[in-house]
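Two complexes come next, and they have one chain in common, chain A, joined by chain B in the first and chain C in the second.
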Partner chain A sequence: MADTSETRIDPRWAWEAYRPNDKAPWDLKRAGHLYRRAAFGATPTELQAALKKGPQKAIDDLLAGGPGQDAFDKQTEQLAESIVRVNNGQQLRDWWLYRMLYTPHPLREKFTLFWHNHFATSNATVQNAGFMYRQYRLLRKYVLGSFAEMLKEMSLDPAMMVWLNVKDSKKGNPNENYARELMELFSLGIGNYTEHDIREAARAFTGWTLQGNDVVYTESQHDLGEKSVLKQKGKWKPDDIVRICLEEDSAPYFLTKKLFRFLVSETMTPSRELLEPLATSFRKSGYDFGDLVRTVLRSNLFFSDQVYRTRIKAPVDFALGIVRGLEGRIGSTPLAGVLEQLGQSVLYPPSVKGWDGGEAWLNGQTLLFRQNLALALTSTEDIRFGHRCDPAALARKYGKKDDKELVDFFLDLFLQGDVAEESRSRLLLFQEKSHKMKVPVYWTAQDAADNRVRTLCHLVLTQPEFQLD
Partner chain B sequence: MSQTRRDFLKSTGLVALGLNAPLFVSRTAALAAPAHKPGARDTILVVVELNGGNDGLNTVIPFKNPLYAKYRPTLQQSTSQIKKLTDEIGLHPQLTDFADLHQEGHLCVVQGVGYPNPDQSHFRSMDIWQSASKVDNPTEGWIGKALRQIPGAPSFHLKNSGERAPLALDGAPARVPSIASLQDFQLQVAGGTDAKAQREVIEGSAKPGGTRKPGLLDFVQRTASNTYASSRRLQEIGKNYQPKATYPQTQLANKLKLAAQLIDGNFGARIFYVSLGGFDTHAQQAGAHANLMQQLSGAVAAFFKDLSARGHKDRLLVMTFSEFGRRAKENGSKGTDHGSAAPMFLIGGKVKPGLVGAHPSLEKIPMGNLEHHTDFRQVYAAVLDQWLGVSSKDVLGGAFKPVGVFRS
Partner chain C sequence: MPSTRHLFGGLLGLVLCVSPLRAEKPPSPLRLIPAEADLVIQTEAPRQLVEAVLTLDYIKNLQSLDAFKEVLDATQTRRFFQMVAWFERELGASWPELLDRLGGGGAALAAKIGENSPALLVLQGTDEKALHKFADLLLSVIEQEQERQGSKERPVKSTYKDVQTVRIGKDFHAALVQGALLISNKEKALQRALDLAAGRDKKSLADNADLADAARLLPKGTLASLWLNMDTVRKQPGGEALYKTPRDPFLTIVLGGWADIASRARYACLGVVPDKTGLLATLRLPAGRIGMGPDRGVVCPPDGQPGSRPLLEPKGVLFSESFYWDLSVFWTDRIKLFGEKNAKNIEQFDENSGRFLSNFRFSKLLSQAGTYHRFVAVHQPKKGYKKQPKTALPAFAFVTEMRKPDELSKAMETLLRGAALIGGSQLGLRLVEEKHKDCNIVAYRFPEDREVKADVNDIRFNFSPTFVRIGNQFVFSSTQELARNLVDVLQAEAKGTDKGAAPTERIRLYPEGGAATLKTFEDQLITQTVLTSAVPVDEARAQIRKLIYLLSKTGGLTLETTYAPKEFHVDLRLRFTK
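And now, the complex of A and B:
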């Protein structure tokens, strides 16, 4: 996909706080955009409430999360501990998906997922649910906090130590895996370090191993000698290497660019000038990631037409957008199974680079899987999801009955009414014609009406625009 | 186009599909190469990506060289177990089926393949191999570019669930479909008498309107249109297929079996891309690597046997590659770190059997890495020019001297 040129964007304007105006009014479209990017989509009630609140309050509320967080955390933590006791990584994956689905604080889970993609550690290799849970908690602890602290702790996190072989790295025989990815994928990006830097840095990570669940340092296995990393010489330890990396000019740009792609746009390649204000204050703040996220979320550029629908929904966003929109209460285990087919099995990323995202999410196979998942979630006949996610029940709750009302209700909920006029006409025509459809003799009038609502909802979800984030 | 081919297309109803046919079907026949050119016989290329960096030194082994044992104190393979190709070079003990293919004259091993100034990042080096270029952030792959010269050639990425389409296929005139299985490649709608009407709504929304701008929405619509059409077509294929060889129970074998099914569908499928992961063996390499060697050779050999039995032997070429080899000396974790030069395998009815090029030197190892003497683009050039009948110069952006890997 060709990059969108953004040469005309004024960096000062871009990151100034958005104020609704005639050209960029606070409307359903922008409220939907905010809930897609900063959470996992919205319910009809949430969308309407956001419209009334205005952008500032809507963002504040998303950042703060809703009521009942402590109780939710407590309940799910107990569940996690029992999963960890039997070392079931797949259940832990399902457990996290459950949290994403039903948490009162979706923004926090969404950004925890951002970090999981950044430090992409897979339990396929780690094979230890306890370690994965510990890493998840580490990500969540610093989710909108200090990136510098997170990176330090990550370097001696047990799951990471297994994943990138720090636990096997000994003096005289360093394993380069972690040192390489620390620079290439976690802090600097390719081209901003040399092979020499990697080999030297690897020596600093020698001597740490795992004994049971504990990280153990053995001085005799640690290379105490002087290392020269990124032009800094000293008897460096792991924390020093992290510090040295974050002192590089490329580090804040690397991270802000990654956030830009996640939160703002996949199709626009931001120039250094555009990122400069963000990178500068990110570094000045000591890598306070929360600050950075708040600035971007409140910005003009975030709410501009240039970045609207310029991402492909990740599978998690696609599926959760449907379930949350329909106020469904499905089990997360069958959903996790489908998400794996769609290419996103959380806690099992494909490589240390994480998921490529963007157009890579969509190909012939995954597109069909997505459309078929939309059907499974809306039909109430699928044995995995059953009646617990029902468009007909939702339409009743919000008092929608006429064909027109129904078409607009689902188009507004999932696409904020923003589709080509011909698409709307096609749906309306289908809905009018469907009255004549033959139904089984034992169906009541209500059964037939409900069935029509479910089919309509599925067709709305198969619109190409629904693939966009 | 030959008369028989036209008749075949007519008889299978492909011509009748007209505009609704996916791009690959509607264009295939028209662009078949003239009879005297390479590619005229609808040659097939199957690329097998070994993801993670395959340890070349323990794949094609210079067992007589004392440095081999010295560099690999725990990972060396015993001389008695190694499958000897010559007095000095042999295959990993688990490459039994490859050794048999070699006996039969169907295995070619190109040694010491790489590129100048090798990069040791998985992702960067994989990009270089897949795009056959060293530009930053490449967006087009070498096969995608080749497909521009044979735009209708049906091509498939056969994937594990969850695997993304490779960069190698990007840049093709129509997005190459990724398929996990034929059963999964179907669009479902709610049951009922209006199923057809539902499909029309879904497919209607995928047709780009006249005023649409290029961008993500256009991308989604193009992908969707092509997919819905392909899906309808593929449901008819491979229903009567019975394998003529025993495939092992592995993911790779399943994917190659699907490729055999699609080839057997007789609609001119020519290019397939599959990958096998797990080669990033930084620690405890021995068991994992042996297992991978076995998976690779078992699956490819069964595939070759199956297609040979169906009369496709001389149309078939399987080529393996990995983003890099591994360091000559093993590390302290009974594994190996990222390296550079490594061998490539070519399997097929027309390959020149045996070794091509010398084993990389074990004496001279700059930065601890084996040095390449053959650029991978020379292998690509042979495959493009002499096998697919595509100008390698246009694809590779320069002239690379093809390596002699085919029987003349």
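And now, the complex of A and C:
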């Protein structure tokens, strides 16, 4: 996945709504692409339904989420409250994975994860599950809403105040950590501000501290003087600094570029011209992130061959794609443990910059761990994951029996059939040969057949293409 | 999966085959184990052991739990039962009967202590023909499983002095001889067993007098046992420092009595005795208070006195411990216990101790302290505060009997009041004094109108540190409410006749208190269940409630340590029903 700088994409065409055509038909490949990028993969039913619905309706339904959200939220909130009461950060991590696995609205969780990586706050430092839960709720509240409002609230979010030391920032001794990251990582990007801007902005965040679970303002600790930030002068407070940052030309470009990398392509470096229509409408909308996501998801570029499989799956996408695809029910606690080995422990990002992503996800060891995880999830023999994530049961449910049907079923489910003919032939050959494979004599014919299906599914998941998003 | 029908069938089979078993008692598997083995785990009746466990009502109740059902329904468990059923078909007998035929002569697993040491399993059958067939079938099943898993290792047959052996990889060696199946991780260990069988080697564990002695030391009805050669244990790294006196003060305080026993016993043995109501696991060593070194004074009362006072059982009790520990001996016998150098350090510490002990000498406090101590933890739903902690913790108390009650209680009160004054001022602790049944209860309470930044979950409202003297007993309690309850309990005890029992340490876990405590953590348990196994919340709630109910119906767990004149016992008793 070499980095490519895009030079020839017409921005107008890129962000126009995609209409299926002969060159770019609405097919399984594009439906799978949509579910991988905007959610955590699809079940066989979801894929087939999306095919029938067409792209517009499929996107609308993903954005709206499925039925039962209120009941799911109510139940999981009760669980979260019990976790917060005992301040168990590790369990809160498992809880969020549980939500990602079983939510009727996966798109919302996926973009909450996007924002978590943007505002990367780690409970390793915060050490307060209540604060982390509160930040999660803040991210989810604005996940498809106003980024401007999210950023304002984030500036005085307790977890962020601990993470970037806002709580210790006092008049005469302002802490610059938050002001620096606000500009560098949250809104403008390097090169679009000066050290002077950081020092001045830091003064605006003085005087806020934490008392128990509450954010408290002490006027005597706040620097009431005039501050000069990004060429604007005034007696600024936190909301003013956020407003000033978002008034900068660089802000919408910085943010659309970040979304581009997350949703469109990791390998392509988008030009300013390509991002310009997105950045302009994003700013005009008052930083309505939902609008931006809708535009990108519906675009020609999103469904084009140029961006297809141009991301490496993050561990969460890799694992959840398997479980959701197989309509499995597994515990999120054991899964969280494995994801940590793969390098992604949600609520515990490695630094304020979040996870590097891309090629950094893969090396000899993590690749082996991924293959082992796929085996553990699909074999039904791993005590951590039990037997409720069973490719054989899924194949039975969808009436797939003969070898060819089975090979196509799993290739369609996980790779939308988009593999080299040679790979498909090899899988078919393996499946045919597997009939002759000896199994323990006490196994029933059903055991042997199920075992063949599970082995086939694991083989599909070890195809190199499955590592790509 | 075996059904109840199978189990009853098995029991019937057991009754029917008792006579032939008596008539032709098979030879002991120990005859095939080289004499130098350090550790032996054995059962003389594998079938009885399995059936004793499976027929327990409590185990049957556990099977009704969804989590247990999930384990039974797991692919591996299901395949195991399929394999058992297949063996039953192929060998023409039900599994209980098969256990008798294949292992009715007993099973023993022996090993040397140390890294990469040999281990040997001997399964003595009563039906040699069936055992041969079983071994052949087992080998074929292993081969099939190896092939399925893509392993290149296959069973390799060869002979050792006319006996056929089988090897799989480097660490699996097996043979059949004299109606016994032998399995070892080392080829040489297997060959030694075969030499014993052929009479080429004469020194087996069957002639070990200590093993026979251990069998006598363990209670009747022992169905599984462990034997450990203590000579080898004492030679392990670090052993020299532990099994001698004087020794390191920390080791002496923590392990003193046990270390003394272990330094003199030839062996240690452990027996498991299941019965209809529960299970006893007992550790026994052939060394007791007679011949004990200076540790005796610390852990054993003088002859004729009880080993420990009665367990305290206030309302809501979930854990109670009672033990003998004479602190004064640490001072009077300091040279014998800790050595001259350490004793001098202790003396130096004592000389300076008045500075931080409000002019009391450390040695004086030790001398005035008593010998009988108790600890108790209770489930206490009401904490005595209007504000409730977000996480409820059990209340607990330490009760110590004073040798010189007037002097020591005065010293303790001065010390505790001083400590509370210094430590409590930052937290704003408020002194509360209460007269309860002629006892002066001194408690410290946290103010409810004051924020404590570090305590986001209001954990402090679980505590109101309290002390009180009741006769010759001094109580340190985590809450004023528990202290009040203990005044009632201890005053009643003083009027009663029960002054204690022989064990020098007694611990009991109370299911009712445990269940009540679990109930306060119900939300956390439900969350953990949901996140661990992805069951719906309602289902998780039902599971947890059932588990708590089952727990409340058990008879509890007790642990007793006894220094008998010539023996040492640690008995763990689990009662499944009240």
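We adopt the following convention: the second predicted complex is superposed on the first by the 466 of 469 C-alpha atoms of A that agree within 3 Å, B and C clash if a C-alpha of one lies under 4 Å from a C-alpha of the other, contacts with A are read in each partner's own complex, and residues count from 1 in each chain.
The rule is short, and it goes like this: a residue touches a chain if its C-beta (ideal position, glycine included) is under 8 Å from a C-beta of that chain, and two chains touch if they have at least 3 such contacts.
None of the values given here were measured: they were computed from a predicted structure.
K.L.:
With the two structures laid over each other on chain A, which partner does A:E184 touch: chain B (first), chain C (second), both, or neither?
P.N.:
In the superposition, A:E184 touches chain B alone.
K.L.:
By the touch definition at the top of the document, which applies to A:Q91: first (chain B), second (chain C), both, or neither?
P.N.:
second
K.L.:
Which touches a greater number of chain A residues, chain B or chain C?
P.N.:
B
K.L.:
Between chain B (first) and chain C (second), which, if any, makes contact with A:I312: first, second, both or neither?
P.N.:
The answer is first: A:I312 touches chain B but not chain C.
K.L.:
Using the touch definition from the top, say if A:M437 reaches chain B (first), chain C (second), both or neither.
P.N.:
Both partners.
K.L.:
Report for A:H387: first if it touches chain B alone, second if chain C alone, otherwise both or neither.
P.N.:
Touch status of A:H387: second partner only.
K.L.:
If we overlay the two complexes on their shared chain A, which of chain B and chain C does A:D168 touch? Say first, second, both or neither.
P.N.:
It touches chain B, and chain C stays clear.
K.L.:
For A:A445, select first, second, both or neither according to whether it touches chain B, chain C, the two together, or no partner.
P.N.:
Once the two structures are laid over each other on A, A:A445 reaches no partner at all.
K.L.:
Residue by residue on chain A, keep only those touching chain B in one complex and chain C in the other, then list them.
P.N.:
Looking at chain A, the two contact sets intersect at 379, 437-439, 451.
K.L.:
What residues on chain C touch chain A, complex-wise?
P.N.:
Residues in contact with chain A: 70, 73-76, 79, 82-83, 85-87, 140-141, 144-145, 147-148, 390-391, 451, 453, 456-457, 523-524, 526-528, 530-535, 537.
K.L.:
If you look only at chain B, which of its residues touch chain A in the complex?
P.N.:
Residues 120-124, 136, 139, 157, 159, 161-165, 175, 177-180, 184-190, 192-194, 197-198, 201-202, 204-206, 209, 214-217, 219-221, 223-224, 226-227, 230-231, 282-283, 331-333, 335, 337-338, 367 of chain B touch chain A in their complex.
K.L.:
Inside the complex, what are the residues of chain A that reach chain B?
P.N.:
My answer: residues 1-2, 4, 165, 168-170, 172-177, 180, 184, 190-191, 195, 266-267, 309-312, 340-345, 350-351, 353, 355-356, 359-369, 371-372, 375, 379, 420, 422-423, 426-427, 430, 433-434, 437-439, 451, 454-455, 458-459, 462-465, 467-468.
K.L.:
Quick one: in the complex, what on chain A touches chain C?
P.N.:
Chain A residues touching chain C: 75, 78-79, 81-83, 85-87, 91, 94-95, 98, 101-102, 128, 130, 210-213, 329-334, 379-381, 383, 386-388, 437-444, 447, 451.
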